[in-house]
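Next come two complexes built around subunit A: one with subunit B, the other with subunit C.
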Partner chain A sequence: MTRARRATILSYAILILAGFLSLFPILWIMGISLKTQADAFAMPPKLIFVPIWDHYAKVWGDAAFIKGFFNSVLAALLGNLMAFVIGIPAAFALNQRRVPARGAILAWLLLSYMLPEFLFVIPMYGLFQATGLYDSVFGLALVYQTFTLPFTIWMMRAFFADVPFALYEAARLEGAKSWQILLRVYLPMAAPGIAATAILNTIRIWNELAIALGLTFDKAQTVTLAVAAYRGYASIDWGALSAAAITSMLPMLIFAVLAQRQIVGGLSLGAVK
Partner chain B sequence: MAQDSAPSQPNLWPYVLPTVLVLGACTLYPIATVLWMSLHDWTWGGDSVFSGLKNFKLLWLKGSFVIALMNTVTFAISAVLVELVLGMILALAANRVTRGAGVFRVLMILPLMVSGIAVSLVWKVLLDPTFGVINAALAGVGLPEPNWLGSTSTAMASLVMVETWWQTGFVFIILAAALKSLPEEPFEAARLEGANGWQMFRYLTLPMLRPVIVTVVVFRLIDTLKVFDLVFGLTGGGPLRATEAVQTLTYQTAFKFSNFGEAAAIVVIFSALIFAICAAYGALDRRTGGAE
Partner chain C sequence: MAAVEFQNVGISFGNVPVVKDLSLTVNDGEFVVLVGPSGCGKSTILRSIAGLAGISSGDMRIGGKRMNDADPAARDIAMVFQSYALFPNMTVAGNLGFGLKIRGEGKAEIDRKVADVAAVVGLSDHLHKRPGALSGGQRQRVALARAILRRPGVFLFDEPLSNLDAEFRTAMRAEIVRFHRTQGASMVYVTHDQTEAMTMGDRIAVLAPLAAGHKANLMQYGTPDEVYHRPANLFVARFIGTPRMNVVTLPVKGGAVRFGGQQLALPPSAVRLGNVILGQRPEHLRLSQEGAEPGLVGTVEHIENLGHEMILTFSTAIGQMVLRDARSGSGPMLGQTVRLSLDPNQVHLFDPASEQRLD
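After this line comes the complex of A and B, so read on.
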């Protein structure tokens, strides 16, 4: 056997092992979410069992969980909407290099993305209490702009940069204004970019915990907080805990399978380009 | 790559104005407020008395902040190192294979899709010392069964392991994309000269990937320094503060003990640290001619 062939076989072995390790925890918990209490605690673990749906019925009968789920859907919609309405014109202008203090704005965006959550949570806690934004999905979506807005601008700027400059010049010659060029030339061409960005924003918002923990109390609680409430079941009711975890992650796992290309492309865009 | 424009075209500052306003409200206001709070004995709505550096001195004297900072740095550096090595091995392996690469990519991004709190619940069940499948497997082959999250000697390592399961996919995706974008010619030339696989990795792949590696390390480092969800979900900072992190301590100080002045002082120090890493990265990036 040649060296190259051995290396290829080793590569396959590594990838199969890594793929298995990646998938196994999720599959295992999915199994527990479908097992009876006795089966879940059985030693050695039962690989073959009759699935039951009781735990899912329990989680979906939990009003707090349902509320959290739909609050997160709303937060993702609002957060994306704000980020695109505010960020697309900014991305266009920053890409065109027609903005004063361009470098400073770009650095500020990066910093906003990087700073710790509690830097935003602690002051906003007071401000939101005073203004009525505390425990509201709108307030949450606003603070989420500290990461969705920079990320959206970054991504859209990269997609706008791929639009041929000749198209811009042609539109200019026909007398189009900047906003018309943005809407009619740049946006349609960057449509796949908008999809990729929206997916990544949604994943990030869906999974956010620290800010939601600090700035909501009851009516605006998100899905991550609803899942966190099941931590207390860790030693007693594994079925309900697993069903809650699986329900919360399922929408994003489906995203991963359906939009694999956009997610992979989006994640690598910033670092490689 | 951005485009240059003719000087006759109008300045587009109104296009960035909403961004500047929102960023101002969401970052400048908090920065100013936190600085102010850290210098006061703060109570919401009540009188806040100027107290100079008292909050910072208390942090130092109480010691819990120093412990949390050390834990956090240990966690971040270990996790990033493991993720970088594993991500690199996987990217190199994926670069060699032709069939099944797409399926493998999906498998590797699955953990990235899961929230930190759901990851915590999943691993709490897997690592359960009495009923968990991992200890059952270890017992099956006659190995010792550690009390993963419950013992001071293994809790931190367990956190790093869970974090690695969660985020190695990110490092892999980026390194794999970067590997694909490398030019073929230098590798062919080296092969003709008789270079072996390790030499090509050491003297060609690694230097060419350096800007990407630096970017990935900075992103992962900052993200792991900010660790909150996993600690909150898996250990709550215990046992005996063995896994207390800066952000969980901030949360406790502010929302459990209502000590906002001291929490603000932690945030000030921690944000300065993050800022310093960003600034160093910016300077480095400009020098090496990476993306702006």
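After this line comes the complex of A and C, so read on.
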């Protein structure tokens, strides 16, 4: 066996192992969601069973869950919209030739993206109560800007930096104003970047729990809270909990499969030209 | 049609001066080449005409109007970038029509103008393609066509041929010169290739970097012949011409210098100096006939045979000498010792202190 072949086999072995490790919990939960309570906790685990759809029927018929699901969709849409409306011009401005302290600003943006979410919940709680933003999807999307906005600016700036500055100058010579250059040159060229950023924003918003827990009560509950709701005081509805968890994963899964190329392209930024 | 005038122009980035005290006029319809080593400010000067680099002092006029702070789009100029700066997300037609669209012209009008200019530069079959699908030469033409569409008084070129291969570059060179003749507009053309400078320009501005200790950038401004045959200073003498001009510093004795055994009388301006810098182009240096003329003894160190000519490098007591020999047939062999003599009518003299030409 040649060195190259051994290396290939080894890397496949590692990939299969890593794939199994990351998929195992999901497969396990999927198993629970399709089993009766008795089957779900049988020892040794039942690998072969007759799937039942009762849990899914229950979850999909549950108004609270459906509301949470669509609240999350709305929060993701609104959160992205706000982030891009503000973030794109901000990134464009940050990408100009001479920006004082650009490095510091970019580092600060990345830092604020990494701050723990709960940090914002406590001060916002009082403010939201006072302004009526408490328990509203709009309010949630607004607080989500604490991480989506810096991230969006940071990402879009990186994509704009990949656009040769000579294009900006050429457009200027043709009489284009800055906003026209942004709209007609930078945005089309950074389209894959917008897609990647939107996807990553959406994933983060979709999975967000801490802020939603602190700033919503009923009307604006998100899908993560709706999933958690199957964990009652006295007992846990394991089947429904699992079915809800799997359901909540589906949009992201479809999203990821469809947009895999953009995500990878977006993460490696200018590396692939 | 427009002239470009620089009057004591200075350009700085932050507090680093890049251009100092530049005074230079590009006449209406003239083709001027800015040439000089990397970093001498060629691009900066060109970009200051376009409004892409700010002028810190002095005046810059286009068509007689002071344009120091005018909007780039209002300067009656068009620029061809080194990278072409085509919009990769638009088709060729989109690239060409971009400016017209921005300026709010109608679609039919844009289509007609784009089709017209595409025909001029031979791009009619490529209008639907994106720049990524074009060859280097075709991209170059798109960039040129985009400039033509603006019908500017001044065309600006920043090393437009440097991304092309040698053969195509020669063809494009001729094309741009022809284009200049038909357009009649002024052109300012930046290059660091002296062949381009010599073959294309009505006049050449030779520039030096301030970083090398020069008080101003402009070393000489003249026709290719003037710059080649009467370099105003040592910098120009060394920069223009390949192989480079031979340059030696010689002591002045009794109103003359000695090149080996060859005695060379100096003009009055040089007589009073202690030393003088003497230059001679490789094509003017001669191999002495055996015993006939006195000269400088040299040993052949290196031979470059280009077929139609030989470039011979000699080591001599006063330094290396390069000789270009257009004569075919039997030259000296490697290691052979010969006598070199100067053509006294083709000697360039420079003051060692000021490095300026002495006549």
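Quick note on the criterion: the second predicted complex is superposed on the first by the 237 of 273 C-alpha atoms of A that agree within 3 Å, B and C clash if a C-alpha of one lies under 4 Å from a C-alpha of the other, contacts with A are read in each partner's own complex, and residues count from 1 in each chain.
Operating definition for what follows: a residue touches a chain if its C-beta (ideal position, glycine included) is under 8 Å from a C-beta of that chain, and two chains touch if they have at least 3 such contacts.
Computed from a prediction, not measured in an experiment: that's the story for all the values here.
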(request) Overlay done on subunit A, so just call it for subunit B and subunit C: clash or fit. (result) fit
(request) Mind working out whether A:180 is in touch with subunit B, subunit C, both or neither, as first, second, both or neither? (result) second
(message) Output check: A:188 vs subunit B and subunit C. Expected answer is one of first, second, both, neither. What do you get?
(response) second
(request) Kindly classify A:100 by the partners it touches after superposition: subunit B alone (first), subunit C alone (second), both, or neither? (result) first
(request) Take the Cα centre of subunit A as the vertex and report the angle out to the centres of subunit B and subunit C, nearest 10 degrees. (result) 90
(message) Counting residues of subunit A touched by each partner, does subunit B or subunit C come out ahead?
(response) B
(message) So in the superposed three-chain picture, is A:37 touching just subunit B, just subunit C, both, or none of them (first/second/both/neither)?
(response) neither
(request) Figure out whether A:136 sits in contact with subunit B (first) or subunit C (second), or with both, or with neither. (result) neither
(message) Quick check for you: in the superposed arrangement, does A:170 touch first (subunit B), second (subunit C), both or neither?
(response) second
(request) Considering only C-alpha atoms, give the closest distance between subunit B and subunit C in the superposition, rounded to the nearest Å. (result) 5
(message) From the superposed pair, tell me which subunit A residues show up as contacts to subunit B and also as contacts to subunit C.
(response) 172
(request) Give every residue of subunit A touching subunit B within the complex, in rising order. (result) 3, 7-8, 10-12, 14-15, 18-19, 21-23, 25-26, 28-29, 32, 40-41, 43-45, 82, 85-87, 89-90, 92-100, 103, 105-112, 114-127, 129, 142-143, 145-146, 149, 153, 157, 161, 165, 168, 172, 178, 203, 206-210, 213-214, 223-224, 227-228, 230-231, 234-235, 238, 241-242, 244-245, 248-249, 252-253, 255-257, 260, 263-264, 267-268, 270-273
(request) Within their complex, state which residues of subunit C touch subunit A. (result) 50-52, 72-73, 77-79, 81-83, 85-89, 98-99, 102-103, 150
(request) Note which residues of subunit B are touching subunit A in the complex, please. (result) 1-5, 9-16, 18-20, 22-23, 25-27, 29-31, 33-34, 37, 44, 86, 89-90, 92-94, 96-97, 100, 102-118, 120-126, 128, 131, 133, 136, 140, 165, 169-170, 173-174, 176-178, 181, 197, 212, 215-216, 219, 222, 226, 228-229, 232-233, 246-247, 250-251, 254-255, 260, 263-264, 267, 270-271, 274-275, 277-278, 282, 291-292
(request) Quick one: which bits of subunit A touch subunit C in the complex? Just the residue numbers, please. (result) 164, 166-167, 169-176, 180, 184-185, 188-189
